[in-house]
Structures are given as structure tokens and as C-alpha cells.
Amino acid sequence: MRPTVSIRCRLFARYAEIAGREVVTVELPEGATVRDALARVRESVRNGNLLPERPLAAVNHTHVLPDHVLADGDELALLPPLAGG
Amino acid sequence: MRPTVSIRCRLFARYAEIAGREVVTVELPEGATVRDALARVRESVRNGNLLPERPLAAVNHTHVLPDHVLADGDELALLPPLAGG
Amino acid sequence: MNGVSGPGRGGATVFVGSVRRGPDDGPVVAIQYSAYEEMAEPEFARIVAEASEKWPDARALVQHRLGRIATGEASIAVVCAAPHRADAFAACRYVVEQVKERVPIWKKEVFEDGVERWRANSPVEDRG
Amino acid sequence: MNGVSGPGRGGATVFVGSVRRGPDDGPVVAIQYSAYEEMAEPEFARIVAEASEKWPDARALVQHRLGRIATGEASIAVVCAAPHRADAFAACRYVVEQVKERVPIWKKEVFEDGVERWRANSPVEDRG
């Protein structure tokens, strides 16, 4: 069996409203990127197709690009357009 | 006799220290400019030669250039380099 | 302001951003702010540290409120002190702009009639 | 800040300038400020009015202390509010710079040993 990584994905603000939940855990093949995780999340949650394909994302509290490779246990956050200030 | 204007000249900060006074009144021919008044003030006060020939000047509380023509009763102020803030 | 000032820092700048009700904003009565707090805190710290690196001897503090904030009330305050006023202004502006661009905070406008609407600093959503 | 804020003005900026004791300033214990007060007042008013013209709907207030001010204490405070933060920053900066350039105020540094020295914002004196 190929090794996998378990990624805890958090949804915030409007994304949490769309999906009706704030957390979803996905299992992905080792070497999976943020892009891969996003595709899986869009398949897994309610109204997932309404989530953008390339939203702003962070891993373990740091902004990342879609090519970022995930490690087992990472926390991936999908961030709607920011509105601080 | 040619008509004259009477100008009240005020000195501030370092200029007042140089001259040892804060006010000097000068009589000048009608049509005299700020430049003319300054020359007269430099002749009239103690250490007048230590005052600059073209200091920053104001007439009746507004900044003016040396060519500004004075009217009888004007208040001319000689302003050392500003230091507000 | 005491948190950032010092005998060598002669200029201090404060920015306070409030929930506004401008001519085009409609009858907004409040804004509901939420955040990804575990990420917002380190991001604030990184921004403040960057300001001190870019403008030597500058010090900055930032405070952001969360939850429901009524029109006219403050949502964010940034304080910067630096030896020279130009640096105090620049560092303060930098912190405000970076907070808006990088810190994971979201707002929902609440209208008089109860309608709510998400609002972003930038309209771009999909980076594809 | 209440004097300039309003429901349509979402950004407010404050600048506070203090008597500083920087590395090159020597043992300055205080600054003695004096002014041509009859001219300073209208000049402040003109500067504030200009800020409101240049940045529509901006409001500004400025306060300058005179007399002896000890190191570390504030000498000037400027508060500006505007609908947008960029304008609040720009208007506040404008008021500070114009005050330094145009308002007839002078300062004399007072050193630890009692020596006093006039100090200017710009070194140019004779405009000939």
C-alpha cells in the first residue's frame, strides 16, 4: 500500500458557510501538494464546487503557494479574501 | 516734504537677542519695500549687521517676499529660521 | 503610545480605523469580524518585526478587535514610534497595509434590515 | 480624535512629536519653545483649511505647546480623519510638514550644563 498523509483542512468565514462545516480531514498520497488537497476538499464537502480552485491558502499558519508539498499532520487553511483593518 | 510710512518692526527669538530688543519703529518714504525696511532696521539696532540681509519676513501675519511694498501702520516681522514641530 | 516611545524616538504615529458609513455603503449598522486566530497572532508579530527591520529603531504595536463592531467604533489601532517623523509615518502605514493584505481576518457587513454581506479588501478570489 | 472623526471618516491618524534625546543630540534636558503667536494662530488655521481642500472631507486639528518642554515630552500633536486611510495619512503628514515650514515658532535647546542653543528645522537663514 502506498504511504499517505493525513491533512486537517480548515475552512473560514464564507468558505465555512458554503460547505456548512469548519474542518474536513483528507487522506492523500505522499508528495501531495496544496493543489491536490484543494481538489480533494472540493470533492468532499457540500457545495465544494462553489469553493474557488485556487484560494489563498496557509499551512501551519504560514501563507503558501499551490505547489507547496504537504506533510502528514499538516493543518491546511483555506482563506477567503482577507478583510482585516 | 515727501510723505512717509511708519512701520512697526518686530524681532523674534535669536534676532531679538542679537538686537537686545523686540520692537523698533522705522519711518520710510512712501513706496518702500520690505527690503528697504530691513536695511533701515539693520542700521538702527544694536548689532544690526549681524542680522541677515534677507531674513524670512512677514507683514501683518502673512509671509512676504522682499519686494512687498509696505503701507503706513504695517507690522513687519523678522523671522529667524523656523523650528516648530 | 507608551509601549513604543522612548527618549530616542521623537516621532510617534497612530492610525485608528473605524467602521464607516460612507455615502456608498448603505445603511451598515455594524461589522462582524472573525479571524483565524492561531495564524493571525504570528502574522501580526511578523509584520511588526519587519517594520523594525525596515526602519531602524522603529517600534510598532497593533491591535485588532474581533466580533461585532458598530458603525463609528474602532476596529484597528496601530502605533509606531521612530527617531524621525518620516519613519514613524512610513512604518505605521506599512503595518496597516500589511495587516490588510496578510492577516487572516474577515468581515461581514450587517445592514439595517438584517441582511449580511461578506466584504473583502481586494476583490480577487481565485488565484488561478 | 473626537474633534475630527465622523461616521463617514473611517481612517484617523495622529502624529505626536516629542523632544528627543538622540545619539547625536548631546545631553539636551529640555527645549524652550517661543512663537509669534498672533501669526502662528492664523497660519495653523490656514494649514488645516488647506488639508481639508486637498483631501476632500478630511478634517485636521493641530496643537503645539510653547515654553519649556522636557526631553521625552510631546511638543506637537496633529490629528486627521478622512474617509480613506491613505488620505488620513497624507493629510496628517501635510499638516506636520507645513507647520515645520511655515509657522513662526522657535526652539532653543537647553543642555545639562545650562548652555542654550537656537536650533532650526532648516539651516538656511539668508534668502539673498
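Some notes on this structure:
Read from first to last, the chains carry the letters A, B, C and D; within each, the first residue is number 1.
The criterion applied here is as follows: a contact is a pair of C-beta atoms (placed from the backbone, for glycine too) under 8 Å apart; a residue touches a chain by one contact, two chains touch by 3 or more.
Keep in mind that what you see is a predicted model, and the values were worked out from it rather than measured.
When chain centres are set by their Cα atoms, the one at the greatest distance from subunit D is A. With centres set at the average Cα position, the gap from subunit A to subunit B is 74 Å.
Each chain gets one centre point, the mean of its Cα atoms, and the points for subunit B and subunit C are 50 Å apart.
For the pair subunit A and subunit C, the distance between C-alpha centroids works out to 26 Å.
Averaging C-alpha coordinates per chain places the centre of subunit C 25 Å away from that of subunit D.
Among all residues of subunit C, those that touch two or more other chains are 17, 85, 96. Across the assembly, subunit A contributes residues 85 that each touch 2 or more other chains. Here, these are the chain pairs in contact: A-C, B-D, C-D. Of all residues in subunit C, those touching subunit A in their complex are 17, 33-36, 38-40, 42-43, 64, 75-76, 96, 99-108, 118-128. Residues 10, 12-14, 52-56, 58, 61-63, 66, 77, 79-85 of subunit A touch subunit C in their complex. Subunit C makes touch with subunit D in their complex at residues 1, 5, 7-23, 71-72, 83, 85, 88-89, 92-93, 96.
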